[in-house]
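Take a look at the structures listed below.
In the two assemblies presented below, chain A is common to both, partnered first by chain B and then by chain C.
Up next is the complex of A and B:
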């Protein structure tokens, strides 16, 4: 683990007392800082809370929200809720898979894209919709997908949200 | 206080030590009650819910966690019990991606015993949606393999490891349909006692010959 990251992690931990029941808040906060739960961080948290690493892995893998692999710079979340499903989210997803070359749940090897699906983004009126980092794109069509993910426009998009 | 209690199980009057669970009392008297997560050397957790019996006026309880009480009337078979545990066992079998023919645990497998006890017809189970792909064998542990296709997720192995070595080297990972047992991180924690392999009620943990 790099020095800076370790420093950040130690700072996060300094707000906790080392009780076992602090595990989930700690994991949430660490993930908030690193976008995922790095292996080194898990080791450090385990010794901080005096529990086995396996136990943390068990908890982290139970909740869909925790990730054990880093996110791409652009995290693309396709909604597969009822409204979006009916309005063709499946085709949208396939089109994105084709355009960015990764399958659902994967991250591209250049760390540019992570592709995910969720059960509902919360704007069914805009179905079918997707989210790139923190920006929601509604009323998607295959055309719009191609526009969003072709190489020329992607450089502009990567400025979105996170930064 | 007296340390013997007498109660009735399936019409049979039985006397056992005070504090014995209904399941243990039954097994000791050659009455089989279905069970997967119970092991005589471990504290009963009541995780599999297969050992339910009817007591008194029809209340359903997990017999592994129910101490015998004096004068208790226990029924181990009834349509009500059957209705609950049969689907559970059928689902377990549907998710049990393995055939008994080549399994080394065949004939001393608790799941087989359960199937025979409930007279479960494998053909009837096929109406359920079976898992499409066979999960690969986990060979990360130095002295045994783990076959997720056979595991019934009873938790006996984790509980065994924890009770012997204080901190378990095995954990549940994932959730729902994809839950498995896994070893994580510090693999050297495993002391190769193989007690988990011995206690696994099915054939999910397989000792490797070295």
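Up next is the complex of A and C:
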């Protein structure tokens, strides 16, 4: 782990008391800073909380939020909620897979895109919807997908994806 | 300063839905325009939480509290100047932004005349879309925290519990357990250390009411929790919020800080000697954490796996082994009203066994999508056709799915059924967390069953065999049927598997997981048979069984966008 990263991690941990029940809040915050849970960070958290690394992996692999691999610069999260499903989210997902060249759960080799799905974003009235980093895009159509992921398009991701 | 005829109040919805449509920019442009024209004294502008009609967003409402309030929908930055001009002498309302009735295309300018709102009875959602969720003074102006004063200074814990029991309020998180009995059990449990937990881990795909309430009216939930703490004898509370809801978390944080500053939270609340404080716990994405023992373990920093049977009730042995009261967001939001207006007022609406109102996330193939609140016992037909405006594009209604992955699909023949906890259960579905997804002739019921089992088999915690293996097996049979490999005996196999999974699973996740399959077989068996015997998907959804699936772009024409 680089020095700067370790510094950041220690700063995050300085707000906690080192109690076991702080594990999930710590993991969420560390992931918020690093976009995933780096191996070195898990080691450090384990010694901070005085628990086995295995226990952290056990918890981290149980909850859908946690990632053990780094994210691409654009994290595209397609909602798989019921309303979105009924309104064709499956086709939206397929179209994005085609456009960005990675499958659900994968990150492109240039680290530009990560494609994920989520149980529900909670924007069911705007189904089908997706999220790019922190921005929700509702009432998606195949045309809108093409517009969003076409690098030549002026309404492309760089405008609204990186916030 | 220009002359404006009267004082106007302008509210701009800042719910997640409207924000995705650019509502933040619209708010700041409106503010800039008011400043530029120096109209600050005539036009008051404020941010509100979700109005519920997310599909029409971004929403701007003029004078929402008056009977002549104007409702502007699908507002874009380019409309800002016209909206402001409309307040100047000689100005006219911006007609192009009026809501139009989907059937007749007739414009309906008035907020309160829109059928989507007119037929609702908003109790839990009373403040949603009306107050600024980030300003406690706005909540106080609507009578906020009066219930807390009344509870602390005029009522004993026993009286509060009696009031909640008499109201007939049932838990709005899914199972419908009487809230008052839970409160009483926690009150009676011994020990000095007790906890109150608000379950805001809205895990059901297709439901968003908890998010909307937290984003639009967080103080009503905090107030309900403090009253609960006083009643059951707890000093600490937790709100377990889904990590997918960052805006709800942000607004809760603001609300908690403001409540502390005003003395509604803390060591000595309003000088009563009673102390209570609330922390936010962000969930990490596990549907099974909706089960109370799993949620409690999650706060303790562990895998959220339900405790084995026989398990003590959370009211007796909960968080860190202490008595814990766990209720849903909407249950807590009802409490201040029950305390201020009384149990009789509350119990005067609803049905014999389900009192008060029900909140639904009305979505899917319905003209008006959004968050609605109606008295318990309202008929499905009124909800879907009067409030929801029916199925768009001239398509035929096929079914409505309630209760998410734990619920089922209700067919057209039951549209006149009054909706409450018990009628939904009798129909093979459930209230659940209030998702209501409308399906039309283009929805394949076998695909829907497959979709839900795909969800539950992923979300099964894997602890007990019936759920871990059973849901996977059911999913794989459904997958076969939807890909043209169904066998004649598969329907019976699904029924048999469903019965064992429902009967022997450890927690509600497994016990209810077969519901989407069992109800679709019960009401739409012919669709299963068409897939199995004729290798045909009548709705044209299952890609392996149709040469050409209707494309999204083609379907986009439906509705009235």
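Methods note: the second predicted complex is superposed on the first by the 153 of 163 C-alpha atoms of A that agree within 3 Å, B and C clash if a C-alpha of one lies under 4 Å from a C-alpha of the other, contacts with A are read in each partner's own complex, and residues count from 1 in each chain.
The rule is short, and it goes like this: a contact is a pair of C-beta atoms (placed from the backbone, for glycine too) under 8 Å apart; a residue touches a chain by one contact, two chains touch by 3 or more.
All values derive from a computational prediction rather than experimental measurement.
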(message) With both complexes overlaid on chain A, does A:33 touch chain B (first), chain C (second), both or neither?
(response) neither
(message) If we overlay the two complexes on their shared chain A, which of chain B and chain C does A:7 touch? Say first, second, both or neither.
(response) neither
(message) Quick check on the superposed pair: does A:52 touch chain B, chain C, both, or neither? Answer first, second, both or neither.
(response) first
(message) Under the stated touch criterion, which partner chain does A:21 make contact with: chain B (first), chain C (second), both, or neither?
(response) second
(message) Looking at A:150 after the superposition, I want to know if it touches chain B, chain C, both of them or none. Which is it: first, second, both, neither?
(response) neither
(request) Classify the contacts of A:62 with the two partner chains as first (chain B alone), second (chain C alone), both, or neither. (result) both
(request) Would you sort A:42 into first (chain B), second (chain C), both or neither based on which partner it touches? (result) first
(message) Going by the contact rule stated at the top, is it chain B or chain C that touches a larger number of residues on chain A?
(response) C
(request) Please write out, lowest number first, the residues of chain A touched by both chain B and chain C across the two complexes. (result) 58, 62-64
(message) Considering only the defined contacts, which chain A positions touch chain C in the complex?
(response) 20-25, 27-28, 58-59, 62-66, 80-88, 91-92, 118-127, 129, 134-139, 141-143
(request) Going by the contact rule at the top, pick out the chain A residues touching chain B in the complex. (result) 42-43, 46, 52-55, 57-58, 61-64
(message) Going by the contact rule set out above, which residues of chain C touch chain A in the complex?
(response) 16-17, 19-21, 53-55, 57, 202-208, 211, 242-246, 281-287, 298-305, 361, 363-365, 369-371, 401, 404, 435, 437, 439, 443, 448, 451-452, 455, 459, 461, 549, 551-553, 555-556, 561
(request) Flag every residue of chain B that touches chain A in the complex, lowest number first. (result) 167-175, 182-186, 189
